[in-house]
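Sharing a structure below in structure tokens format, with a few things to ask.
Should a chain be cited, it is by its letter among A, B, C, D and E, assigned in written order, with residues numbered from 1 in that chain.
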Amino acid sequence: MSTPLLHVSHLEKYYQKAHILHDVNFELNTGEVLTLLGPSGSGKSTLLRCLNGLEAYQQGAITFDGQAVTQKPKQWQQLRQQIGMVFQSYDLFPNRNVLENILLGPLKVQKRPRAAVLPEIQQLLKKVGMADYADAYPRQLSGGQKQRIAIVRALALKPKLMLFDEVTASLDPEMVRDVLNIIRQLAASHAMTMLVVTHEMDFAKQISDQVLFLADGQILEQTPGTQFFEQPQTERAQNFLASMDF
Amino acid sequence: MSTPLLHVSHLEKYYQKAHILHDVNFELNTGEVLTLLGPSGSGKSTLLRCLNGLEAYQQGAITFDGQAVTQKPKQWQQLRQQIGMVFQSYDLFPNRNVLENILLGPLKVQKRPRAAVLPEIQQLLKKVGMADYADAYPRQLSGGQKQRIAIVRALALKPKLMLFDEVTASLDPEMVRDVLNIIRQLAASHAMTMLVVTHEMDFAKQISDQVLFLADGQILEQTPGTQFFEQPQTERAQNFLASMDF
Amino acid sequence: MAHSGIDVLTAGSNFSRLLGGLWVTVKIALIAILIGTIVGILLGILRTLPNRPLRFILRLYLEFFRIVPTVVLLFLFYYILPKQFNVNLPAETVATLVFALWVASEMSDIVRGALESVPQHQKEAGQAIGLSYWQLQRYVLIPQAWPLGLPATVNLMTRVVKTTSLLMLISVMDVINIGQQIIEANNKTAPNGVFWIYGIIFMFYFIINYPLSRWDKHLNKRRLEANH
Amino acid sequence: MSSWAIIQQSLPLFQKGFFITLKLATLGILGAIVVGIICSLIQYFHLPLLNPLVTIYTEIARNTPLLIQLFFLYYAFPQLGLRLTASQCGVVGLIFLGGSYMAAGFTGGFDGISPSQLEAGQAIGLSRWQLAHYVVLPQGLALSVPALAANIIFLIKETSIFTVIAIPELTNTALDLIGMYYHTNEYLLVLVVAYALILIPLSIILTYLERRVRYGAFGN
Amino acid sequence: GSSKASSSHTTNQNSVAKIKKRGTLRVAVFGDLPPYGWVNKSGQRVGYDVTLARRVAKDLGVKIKFVQVNANNRVDALNANKVDIVLANFTVTSERKQVVAFAKAYMKVSVGVVSPKDAKITKVSQLKGQNLIVTKGTTAENYFTSQQTSANLLKFDSKTQQFNALKNKRGVALADDNSYLYAWVKNNPKYTVGIKGIGPKQYISPAVKKGNTSLLNWTNQEITKLTKAGFFKTDYQQQLAPYFGKEVKASDIIINH
């Protein structure tokens, strides 16, 4: 863990006049899990989207894997193969079945040979308990199943960093667990560097190597491990944690 | 509390061939709070919708406030003024502002004079902390605010029974509390008879006078107070409770 | 080619006659749209009723006007129906009637579609506070369906205006018929007048329809922004 | 002569007209679909230079009557040195008009794709054209099937205007027979039936397609 | 035909008495056929047929209302009761006699064929397999459909379109009433009436609805009266002569009953 995998410094983001992110600074080392907590509208999704080139930022610098991010479309397209992202709305392509959804990236973007990719994907599908569903279409799956496939689709590109944005927020309560378990496994094996936005506090407590607390577009706290949950420093964070458990 | 406010006996509900509710029996006394728990797809929403005439049932009898329900549209229209219902998707009418949303029922349905209704509504709005928003349009409100208005809209008709169907399910976590607090207040004052579907177990524990556990369209347990949460009788209920907390 | 023929437009009362023809065209389109829209809204509401025979009849009405080309409708109503039913209406009235019936049929489908795409839960929320059928229509469904159906309605308007070009086939003195009179009358002095006449008529149609089509675009954009 | 005999005598001519209508409509509609897809993609991706051209084209084509467009194609273009046969004029006119309608329909479909689908595609590294190929086109086209169906029927009916450039399609045949033999009722009846023969089965097929596409593609 | 069944009881609507009571005579005329029926620069309807129409209305003692028609809807305009009388270059044929009632003829013509001077058509045989332009519902169309079927007909709805098509070389020639073609070539000197007359001599008559005997009889008397009074000669001199070339003489066109 010499140089960090991801380095964000002095990031500023505006929507027209609205100042959404203020001077965001942090770094993330390979193998670490960073959870991003904060009230609704605080800018968590926006930050993640900036890290995947879905939003442009106006100032500041991002360095990923030693490479300075230029915000050029061509560069993003290449970087996105190394930075996987999973959204709240499990966006599988409805017109392609599970396998085709997953293969699109490795075959068309990375141009890897099908024969090499297939066994890896079988492996991943087995890991998330979806080995039998390769031929299913998204509409035939439950929300939790779709979200698991979306995770596999991102993993299939063998990214160095995974971004998870409230991936369980639109799931039925009983399905939340399946999906979180998968992320937990990924975290436990230290195989994957992750940046996770979630509202599930117990889950966050279990997986975090670091916690970033965002409010009104500013990082109010950055603490290692579970310290954040036990001794939040700012009042904002205390209130936030109080509102989260009932 | 001599005769129950609501009496449901041998209710059977089909969608075409699919048998959704099997021999549902229960009663609810004035001032009591009944929570309806059960896995997704077990028929909770369907049961509530049957109680408000949004779905027809094929067999069984419902008695409300001593009156046998005939399922005639005219009767439903009259009964609905006494049975309020709030849905998961906060369904304010987007083309009318908050006050107009609330006034529609009392003025157009009940034909009460505006002058008599207005003070009551001011009162209710104050109670839910929305006194300043009478002129706002739904799109200008957050999810939690919309849901609070939806509750006021139902209460404005002075119903004898309120049905709540997962009213916090589409809210951001921090907003859940505001809405649940309102329902909790209503329950605590014993002013309102309520039938509540929720996935928030802590909340359910706090407000329930009775719990009805539904699985596959059948009532598997019916227990008073908090007993259900401590000693679920059936294995289904035990599994269900296990899946709910993390 | 010494003579471009543009003076055909300005000779005599030619230009004002063309404008007169245009007015006939516009008048027919306007009245037809007005009547057709009102009738179409009523029929559209009726088509959402659970009454099967009624829905079937209204569906037949829609399909008839959808399948039969307007040229044929004009002939049918101008030459055949008077013979069969012994009613006799002037050409402009017949044209207005045909267009109104056509607009009504298309409108009924637009209105039905718009009403049906108001989210089901809006309807249920209205029922849940005890609104009656007509109260539900009046306070909840129609106000919300209106912006959903408007783009298609504006689009239909542009089609109606364009279709008035077929009026030249029955004895309506619309802008094209007048144009042809002028072309023939000036054949000797301005053999190329024909292009100027058709050109100006082309412009006329464009000038009427372009604002409508901008409006349609604007509405669609606004709807998209509301959705996403 | 009985009505039936009149109708029977006219059938061979109508049959000819029927196939001419069918042929020209098919060519015109296929062309319009191609033009429509190209234009809608140009608009969707805001391609520089081409985008304003497409806007000008669609505004002109949509806002003027086919009748006058045909007059120009048939009577004016030869003077500019571009000489098309009547049938070619008909097909070109239909493509010109229909292309703009199809473009609007496809654009509507593309706009209906949820932005999250596009982001999902971007997130796995798809390039612009890969996004068009794997996400925008398949989903957008599926979403535009209702508009496509309406446009197809509209364009078939528009072929009746070909009568003004003397193409012996169905409407021209009927009007001509009426002018020669004056059996207006009978000929118009045959004409309506002929259009119904094309449009009713087509409408049924399109409704079926619409339904299949809806269930096939949008169960997300 | 149901058209026959309904014709008798609607006839009365157009009887002379009814027209006088109504106070207007509705006449079907062409609007784009100079010099017979057209609209001049200042928007007035003029022409040989139109002058006749005005005179007929005047003699009936009523106002006149013009209904502009195309060749192919002259019959329906009558039968659908849109007009009382057709004065629109209406050639008498046996088919037409079955569906409308013709009064006495006021003009004679035959079918002529016009073609460019530099590619002159002088014999029908030259038309074999070639495109020949006609207007729907004209005598020329009828002739080339039933008698001379070798040409390939291009059929237009109006005169405007028919002549445009000829100028655009959509066909090698155009067939129409010869008197009319003479008039046209005078304005278009690059063309010539290569076939001056084919088929039998034809007559142009006013037409009324079948069964409308009172108007038919009245019209017949009117034509006779006008002929005697030299009306048609004057009409010819004023409306037609300026348009026709030297090839045509009044006696080629008007009839001496």
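FYI, a residue touches a chain if its C-beta (ideal position, glycine included) is under 8 Å from a C-beta of that chain, and two chains touch if they have at least 3 such contacts.
In UniProt terms, the chains line up like this: A, B = Amino acid ABC transporter ATP-binding protein; C, D = Amino acid ABC transporter permease.
These figures come from a predicted structure and were not determined experimentally.
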{"item": "C-D or D-E, whichever has more C-beta pairs in contact", "value": "C-D"}
{"item": "Chain whose average C-alpha position is farthest from subunit A's own", "value": "E"}
{"item": "Chain centre separation in whole Å, for subunit E relative to subunit A (CA means)", "value": "83"}
{"item": "Cα-centroid distance, subunit A relative to subunit C, in whole angstrom", "value": "52"}
{"item": "Centroid spacing, where centroids are CA-atom means, of subunit A and subunit B in whole angstrom", "value": "36"}
{"item": "Where subunit E touches two or more other chains at once, by residue number", "value": "2-3, 73, 76, 79, 157, 164"}
{"item": "Contacts with two or more other chains, residues of subunit D listed in rising order", "value": "75, 79, 114, 163, 175, 178, 184-185"}
{"item": "Touch relationships between chains, expressed as pairs", "value": "A-B, A-D, B-C, C-D, C-E, D-E"}
{"item": "Subunit A-touching residues of subunit D, taken from the complex the two chains share", "value": "114, 116-117, 119-128, 130, 134-135, 138-139, 142, 215-220"}
{"item": "For the subunit E and subunit D complex, residues of the former touching the latter", "value": "1-3, 71-73, 75-76, 79, 95-96, 98-99, 133, 136-138, 141-142, 145, 154-157, 161, 164-165, 168-170"}
{"item": "Parts of subunit D lying in touch with subunit C, wherever the complex brings them together", "value": "59-60, 62-68, 71-72, 75-76, 79, 108, 111, 114-115, 153-154, 157-158, 160-161, 163, 171, 174-175, 178, 184-185, 188, 191-192, 195-196, 199-200, 203"}
{"item": "Residues of subunit B that touch subunit C when the two form their complex", "value": "52-54, 76-78, 80-81, 84-85, 87, 89, 91-96, 104-105, 108-110, 150, 153-154, 157"}
{"item": "Residue ranges of subunit C touching subunit D (in the complex, touch as defined)", "value": "63, 66-72, 75-76, 79-80, 83, 158-159, 162-166, 168-169, 176, 194-195, 198, 201-202, 205-206, 209-210, 212-213, 220, 224, 228"}
